[in-house]
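Everything on this sheet refers to the single structure shown next.
Which chain is which? They are A, B, C and D, in the order written, and residues in each are numbered from 1.
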Amino acid sequence: MKKELAGNDHDSPLKKKLREVIFGTETPAGRWFDLALIVCIVLSVALVYIDTVASIHHQYGELIYLFEWLFTVIFTVEYGLRLYCSTNPLRYCFSFYGIVDLLSILPSYLALFFPGANMTLVIRVLRLFRIFRVLKLLRYLSEGNMLLRAMMQSSRKVFIFFFSVSLIIMVLSAVMYVIEGPENGFTSIPKSVYWTIVTITTVGYGDITPQTSLGQAIAAFTMLLGYSIIAIPTGILTAEIGQEIGRNRDLRRCANCLKKGHELNANYCDNCGSELEAPLSESTSK
Amino acid sequence: MKKELAGNDHDSPLKKKLREVIFGTETPAGRWFDLALIVCIVLSVALVYIDTVASIHHQYGELIYLFEWLFTVIFTVEYGLRLYCSTNPLRYCFSFYGIVDLLSILPSYLALFFPGANMTLVIRVLRLFRIFRVLKLLRYLSEGNMLLRAMMQSSRKVFIFFFSVSLIIMVLSAVMYVIEGPENGFTSIPKSVYWTIVTITTVGYGDITPQTSLGQAIAAFTMLLGYSIIAIPTGILTAEIGQEIGRNRDLRRCANCLKKGHELNANYCDNCGSELEAPLSESTSK
Amino acid sequence: MKKELAGNDHDSPLKKKLREVIFGTETPAGRWFDLALIVCIVLSVALVYIDTVASIHHQYGELIYLFEWLFTVIFTVEYGLRLYCSTNPLRYCFSFYGIVDLLSILPSYLALFFPGANMTLVIRVLRLFRIFRVLKLLRYLSEGNMLLRAMMQSSRKVFIFFFSVSLIIMVLSAVMYVIEGPENGFTSIPKSVYWTIVTITTVGYGDITPQTSLGQAIAAFTMLLGYSIIAIPTGILTAEIGQEIGRNRDLRRCANCLKKGHELNANYCDNCGSELEAPLSESTSK
Amino acid sequence: MKKELAGNDHDSPLKKKLREVIFGTETPAGRWFDLALIVCIVLSVALVYIDTVASIHHQYGELIYLFEWLFTVIFTVEYGLRLYCSTNPLRYCFSFYGIVDLLSILPSYLALFFPGANMTLVIRVLRLFRIFRVLKLLRYLSEGNMLLRAMMQSSRKVFIFFFSVSLIIMVLSAVMYVIEGPENGFTSIPKSVYWTIVTITTVGYGDITPQTSLGQAIAAFTMLLGYSIIAIPTGILTAEIGQEIGRNRDLRRCANCLKKGHELNANYCDNCGSELEAPLSESTSK
């Protein structure tokens, strides 16, 4: 990362400086730039959101439109600068964040070049794109965090869980469709699948409810099932997170082979068999 | 399994080859066969599902009917081949998967031999049988996996939990029936049981809701109860899964100092520094 | 228990035998008696339940009434026998199960002695009492089980949790009552408390829903809160159950001071300091 | 704390005595004072709550008004005494509990000085303030308890979780707004955010439900997502609580062989058999 920020030696000092501010987070200027950007993103997305409230749109529509363009200009400048001072503009352009950056400014220009009073739907979809700006905030989540690692490690087990749940949902949907039928709101199996998911996840809208006694009995079974099996992903993830926290043992490292992760009461390295130093202090167990 | 696939010595080479492809998963051909079968199952079930949507049925009914028969033929051929090349056809026939295989092709033939415009309900039920095809996918879940083992080991505790919850549900249902009565939707105790399950599992359809103050108080108590006791199966299962993960390590014991619980990738005992044997087989950690 | 079953020396042999069958569970006869009783309880409660379904009552009312009396007679005989052969009839009479036994037969006799076509409500309440029979099944749950112990040990923490949740519910209820007011269904604070509980436990009937923007914002906050804090009792209980399972160490007992519960890799008793025997076998860790 | 209760040497004995009773909890008088206060708080808040029920207000309004003033006088006297005998009245005045104490008596006086038949809303809000009395109960929760510590330590992870969930909610809301649109109840994105939260937390009021097939599919996805990710905060918190429980044992270390983790009621080291020091203070285990 350091190296990437340094770039080629023949880059102009301005380009180097800009790169430090825009891509880096280690200098005060870089941190201020990031903070300002987060504020802009949050405000611009908030604008798109409240603009959809009819009463606000009628009263403040003009003002919101103005601010929309202000943010579009800011993000355009940011996009341009990133392109300019990146050590590898093409790679940035087609990276996930490069595409998000582009998608977050494109709609305003598209709306400008293709106006039209009667293309409401298109404009609605264009506005949706602007909300991708919020995904830029993902950049500020430390990616290598423990949670993600725990989720990755339990992904195979979670997949098996969801596969089994899918089979259960499919069978229950078909059964309910046959029992309740179109006259009670179960107009088709896909609709019945929707009802089963609403029930098994304990959401329970109540827009479709079983009317027959047998249907209610199966619904009750579905609820109890959903209520119980929620324990499974929780159990998996909890066990994994517990393991991850245990990896604070990572701090004990063998001086010979450099392997980390020895338990606190171990005397010898379990990799090369050489003796370990005593644990440094109580604080390592925190 | 291996032995079973080998079968008798006097089987024809074709039969042996077929057996390897259809029942085995170790040869490339066997894996391709399985993959093709999964695709067929998913597509055939999807067809049955979307065919129940009225608008799709009217427009593409003919096409779907055609594909239905295509899949029926494919599954019939598969069933025949399995019968032919199984080392013990009778045992296959009455095994769980044998019955599922039969149930998944039977309805199409039944619908053919017993047509009739006015037997809507029967046809609806027949269609349900076709969905058993989805259960064939169960075959591809590794049965000996950790999740199942953890669930088995906690099954007694979970049974006690569900038994206690059932007692609570029965008492609360009767109480609510007396308090609210038929005029507020609690027309009978079985219906009241349905309401109690809807409430205690936090599904909350809202098709039956308490109207009296006392009823609402008891409903609030029921909700808080359901909200809390969900912790119990989760706790049980989490503890079991944690044990299962820990157990995989316990199998490795140092031959010198007898200390157990070495990690699966350790080479030396972390207590006395002597060399460890290699783990017996990787598959134990799966 | 053993001693209690034995009773006084001058009891008649019949009384002793009866006591073994009725109170004991160690002889085959005792187990058959228990099983028969469970079947009777389940059937009698099921009768009361389905009798409340109007259509069934009209068709099979007479038959159900007959069976009601059959079970009442059976339970009366059981109650009499228990009184007769108990070593301490008075203590049995006022014990929890003694009262449940009485409550489960009393209503039938009360309904007999105080008939009256116009006392529907009283009869409804009397019927409720009959359902207490189901509580007799509690007797068959091993009382000293692990789940209960884990719940007892976490009860103080769970109480603090519910106390905090109650404070949150009370404040949120008052806030919602002020914001939404009677015109949107929040007719009083107690009703608002009901709504808050419906929301925070994620039940969500939808019989009362916020209509104002501010109310919906606070409702959303309430939901997210309820969604998160459910993690707390789960976490407490899981940790306690994990500890309880760890108490399988209970099997290691000091030969000197008889203290149980030494860890599997301990060498000395942590109570009296004398040396411990080696753990018997791997199977103790299961 | 002890020192604070002692105060300056030149305080009058009465002041010292009062301070012990009002702020302290170690003397019997102090405990009785606390208990009486808790009863008063619960009763006074209960009064405000049931007074909002129209039928009760009409019948017992006068009586409730009387009691309201009784409690106001009691809390005023308490506030005065706390101010008088505090070692630092100003600090108390602006402390959290000082403000809560003031807020809980102020509304009654405000309602007295600013009467008016037509200021219903203001009176309603004033009544809300009275409910702050309930927050005084917070004082009786031991602040240094384990639960809070576990929550603090997992707060960073929980924050990352909620940040991620917020991003998901924002994107899903915008998508649903575009798909369903105002004609199906999704009148604006803020309303769509409300729906998404109702769905992802599995509350499911059913006041707004998707009507289009695509909307129902995304709703089903949202439910399954909410159903699964609830496992994450549970996993985090469970692991932390498990650590907290384990940590209470880690504080006890054998002076001879340095082995840590002895149980709090152990007398001898379970590794080398030498005597352990007594635990520093019981309070660490609370």
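Keep in mind that, in the parts below, contacts are C-beta pairs under 8 Å (C-beta built on N, C-alpha and C of every residue); 3 or more make two chains touch, one makes a residue touch a chain.
In this text the structure is predicted, and so the values were computed from the model without any measurement.
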Which listed pair, A-D, B-D or A-C, shares over half of the residue-numbered contact pairs seen at A-B? A-D
Of A-C and B-C, whichever chain pair has more C-beta contact pairs: B-C
Quick one: compare the interface residues of chain C with those of chain D and tell me same or different, with half as the dividing line. different
Any idea how many Å lie between the Cα centroids of chain B and chain C? 30
Chain A to chain C, mean C-alpha position gap in Å, rounds to 42
Rounded to the nearest whole Å, what is the centre-to-centre distance of chain C and chain D, using the mean of the C-alpha atoms as each centre? 29
Counting only residues that touch at least 2 other chains, which ones in chain A make the list? 190, 193, 202-206, 226, 230, 234, 236, 238, 242
What residues of chain D sit close enough to touch chain A in their complex? 157, 160-161, 163-164, 167, 170-171, 173-175, 177-178, 181, 187-190, 193, 199, 202-206, 209, 213, 216-217, 219-220, 223-224, 226-228, 230-232, 234-236, 238-240, 242-243, 247, 250, 259-260
If we count contacts the way the header does, which residues on chain B are in touch with chain D in the complex? 202-206, 234, 238
Chain D-touching residues of chain A, taken from the complex the two chains share: 45, 48-50, 52-54, 124-125, 127-128, 131-132, 134-135, 137-138, 141, 145-147, 150-151, 158, 162, 190-191, 193-194, 197-198, 200-207, 226, 230, 233-234, 236-238, 240-242, 244-245, 264-265, 282, 285
